[in-house]
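Below you'll find the structures, each written out as structure tokens.
Each of the next two complexes has chain A plus one more chain, namely chain B in the first and chain C in the second.
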Partner chain A sequence: MSVNIKPIAVHVFRESVRDRVPYTLVLFAVLLIAASFLLGQLTAGQDIKIIKDLGLAATSLFGLFIAVFIGIALVSKEVERRSIYGLLTKPVSRAQFIAGKYAGLLVTLAVNVAIMTAALYLVLAYMTWQEPANVRAAWDAPGVDPALLGAVLLIFVELALVTAIALFFSTFSTPMLSAALTLGLWIAGRFNADLRNFDAVVESAPAAWLARVLYHVLPDFSAFDVKLQVVHGLPISAGYLAATVAYGGAYILALLLAATVIFARRDFK
Partner chain B sequence: MSGRGSPLLAVAAVAALGGAVALQAARDAAYPRDEAAQVRTEQLYVRSPEAIKRLAPGFNALAADVYWIRAIQHFGGARLAEPGAQDYSLLFPLLDIATTLDPYFNIAYRFGAIFLSEPHPGGPGRPDLAVRLLQKGIAAQPTRWQYYHDLAFVHYWHTRDYEAAAEWFRRASEQPDAPAWLAPMVPVMLTRAEDRTSARTLWHQIMQSDQQWLQRTAERSLMQLDALDAIDVLQPIVDRVALSAGEQYSWGLLARRGAVRGTPLDPAGVPFELYPESGIVSVSRSSPLFPLPVETPAR
Partner chain C sequence: MAPAIRIDALTKDYAVGFWRKRPYRALDRLSLEVAPGEVFGFLGPNGAGKTTTLKLLMQLIFPTTGRAEILGRPVGDVAVRRRIGFLPENPYFYDNLTAEELLHYFGELFGQSAADRRARIPALLDRVGVGAERRLQLRKFSKGMIQRVGIAQALLNDPDVVFLDEPMSGLDPLGRRDVRSLILSLRDQGRTVFFSSHILSDAEALCSRVGIVAGGRLVASGRLSELLAFETRGWELVISDARPELIERLGARVSRTIEIAPGRYTLELPGDAAPEQLVAELTTAGARLVSVNPLRATLEDFFVRHVTETGAGARAAFADESHARP
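Now for the complex of A and B:
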């Protein structure tokens, strides 16, 4: 089965390179380097914190755009170009097609996130090297802090989940509607924690029950955000990281299976 | 479009951009803009920290950084404004937003402690807001001794509430990782409240900070203490000089009588002010040390 998935994934990755997705990396690098030179003049000694904030936020935001705007086109583009007809005549099942497309975009995202992380560490290493020991001692966390990788890991899993949502919607909807639904779900998921305590602000028991159900059903994107804690050197337990990655994995699996079911029902005759 | 035409088009595009730049420069030279009319009153359109938190889901830390930079620019801009035009009204709201978006933003709390309580015109002169901001910091990080220390300092230096200062020093000394010198500050506050030595001790501690702006503030405050010491020496000298009818106090008169060797300078190098009628010695309004944290006695 994996023999059929791999060529599709490789094709998606090559297509993203052809679509100039790596240009975002250049933009990211320019943003970080420019910021590192300018911030020292503006931030009264908070440049290392702001570079970390900026680097992690940009990794998350650029990744979100890639995940949404490429994810929504993964299936619809094949249908639009009518290349799906030729593809499905080959010994490729619809499940393999979905898995291959997803894996391809995941590789694209992984490469992007890895390069952005490396660039962030390089800038942080340079700034750490520049600062005297007494300034470094006053930082909340070390400049080149391995704990940042915990935040990066959760950003990547969050992006993988966004990609799965975009792919899910793209199996039955138009690209524009898929983008709107994916971004809408991402925003709703960011405020998911509010639904948990909805019974504190409404008296209606059914409304509180519905909010509680939505809290569990909607993807909890706020759980993936540990940027603030990591930048300030606050501990993130390995258990929390593992539980959140596992939660993301389970949600992704559910979405891919649902996407496969819907896609399998589509008639391309 | 043929391949041969493309370089020509690229050159034309660059030339057009160059033309736009040149036209802008020429227009600005021919029709100078009325800069005064363009000065925009600084605005804070959204004042609710919670609303801003909702507007930047997942990017609160970055939004906090933006508000922090705005707070610095606002403070710096107000300090550099014309005398009498210093307006620090947005400083607290900006710091409040920054610290709501990022509750662990240590420097924003400490910035508030020092500069919100700085007397006018060097700051807004609102130690009450500094206390509010630091208490918010303590709510976010109850074991961070620096916030307790800064609260004690605001009470000691600005509100002159030495009992409150002693209490906050006591709480600071009880926090984990608190330095050993905090505990002795409690009796210092209680028994030597009028003594400048303890103020010097505090400012010397702040001088050890890695932040240049904190070091500069500490340096200025230490010079103010030196100025107060110098005034304590000069004032009795002036008081001993008896004036004849029609005479007024001046450094020239005191020098002629042999009371002083010349015009005494404050630690910033500016001549001390000697009021001709009352004979009160103070720092000059043109001195960077003005105003002193302690009022000179009125006569």
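Now for the complex of A and C:
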């Protein structure tokens, strides 16, 4: 089975490289990091934190655009343009099609996130090299901090989850609606933690019950955001990282299974 | 011998309409068999159900009822796709790939090794006439060139059964000639070819058997010679050395008389006439028989009559049935 996932994944990666969208996004991310560097010059003592914070936020935001827009285009473009007719009449099951498309986009995301992270580390290395030892000693965390990689890992898992949501919606919905639903779910998921204690602020029992159900059903995207801790040099336990990655992985698996079940019965008129 | 394609009462209903969904029967209990090595022409006007049938066979859509088999395996079996090739109607492939890259991608899906693909793909692209453009991105290809690439990808795995949906579409006369000779070469190699078309001359030139579909129903199928043999609509006699008064004496027994040259005539007799009797009478009177031929309906005559009689009625019948449902 894996035989036919790989060619599809490679094709997705190649297509995304030939589409100029990821390049543009990476360029924007790099520009944003450069802007944060300039901003840092104006803020005495806080520059390294601003660079880290803006750099991670830019990686997350531009990754999100790649995940949503390319994630949705993966399936819907094939169906709309009917190139799927050529593909699904080869020895490719629909489950392999979904898995291959998803794997390809994960590789695309990984490469993009890696480029953005490398750019961020380069700026940080330059800053560290430029600053005198007494300024460096006042920092909460080292300039080129390996702990940033923990935050980058969770950003990647978050983007992988967003991609799975986009792919899930695009198996049965139009591209526009899929984009709206995916972004809507991402925003709702960002505020998921607030739903947990919703019963403390509302009196209506059904509303509190609904909030609790939503809290359990919606993905908790705030769990993936550890930028603040990393920037301020606060430790993130390996246990937290592992549990959050496992949470994201389980959610992704469930979404891909659901996408496969829906896609397996779909008519391509 | 087991059929290469077996379709058994295949039916496909769609729900149409935005608010109030109503059923629309795209295909109605279609059954047919195609033997291995046959070139089968699946004919019908636009919207008759040809593409629906092909999509059902390719599992791009699922039947409401009925079943189909290819090479003895259910159409849903992914393994059977290793042995078939499919050209969709008005194919579209990935704009940013070259013809060569597309075939490498599809070749990988068939499990072909890189060496195998490198040997096979240039030859295949040459065979369909786009070898010189194999490193050009498909976005720069004309419709006819895309059609040729589509045919190449359908033959990439050396398939036992080839399904071609309107293979002549978008091709110039040269391209159509190439595709015809390609289909005939596939037949000579013992492959089964199932192609849909509304161009009847293609079917007449290529097919051992045809099926005619109209209004979602199969209205006729069989060997061309069998289908058209029943359609003898008259006789054509050519005689020479005949005197004008002899021709006048024939009267209403002849439906049409054409004088080709002095004493030489073409006589058309109605279908129910016995040409032997007339030939005897003419030769006794001194005329010479040059030829006698049955006047058969062309496939086009046959097609037009069946499609107009049965096709329109079929959908109307379904509409009545669906209205009658509780």
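FYI, the second predicted complex is superposed on the first by the 253 of 269 C-alpha atoms of A that agree within 3 Å, B and C clash if a C-alpha of one lies under 4 Å from a C-alpha of the other, contacts with A are read in each partner's own complex, and residues count from 1 in each chain.
The criterion applied here is as follows: a residue touches a chain if its C-beta (ideal position, glycine included) is under 8 Å from a C-beta of that chain, and two chains touch if they have at least 3 such contacts.
Nothing here was measured: the structure is a model prediction, and the numbers come from that model.
Upon superposition of the two complexes on chain A, no clash is found between chain B and chain C, which fit side by side. When the two complexes are overlaid on their common chain A, residue A:267 makes contact with chain C while staying clear of chain B.
In the superposed model, A:177 makes contact with neither chain B nor chain C. In the superposition on chain A, contact is made by A:89 with chain C only, not with chain B.
Once the two complexes are laid over each other on the shared chain, residue contacts for A:27 go to neither chain B nor chain C.
In the superposition on chain A, contact of A:201 is made with neither chain B nor chain C.
In the superposed pair of complexes, A:7 makes contact with chain C only, with no contact to chain B. By the touch criterion stated above, A:232 is placed in contact with chain B alone, chain C being left untouched. Between the Cα centres of chain B and chain C, as seen from that of chain A, there is an angle of 150°, stated in steps of 10.
In the composite built from the two structures, the nearest CA pair linking chain B and chain C is 14 Å apart.
Shared contact residues of chain A, touching chain B in one structure and chain C in the other, are absent.
Across the interface of their complex, chain A is touched by residues 54, 57-62, 64-65, 68-69, 72-73, 102, 104, 106-107, 111, 209-213 of chain B.
Residue ranges on chain A touching chain B, taken from their complex, read 42-46, 49-50, 53-54, 56-57, 60-61, 134-135, 137-138, 140, 187, 190-191, 221-222, 225, 227-229, 231-232, 234. Against chain A, in their complex, chain C makes its touches with residues 14, 55, 58-62, 78-79, 81-82, 84, 86, 88, 90-94, 96, 105-106, 108-111, 150, 153.
On chain A, the positions that touch chain C within their shared complex are 3-4, 6-8, 11, 15, 18-19, 81-93, 265, 267-269.
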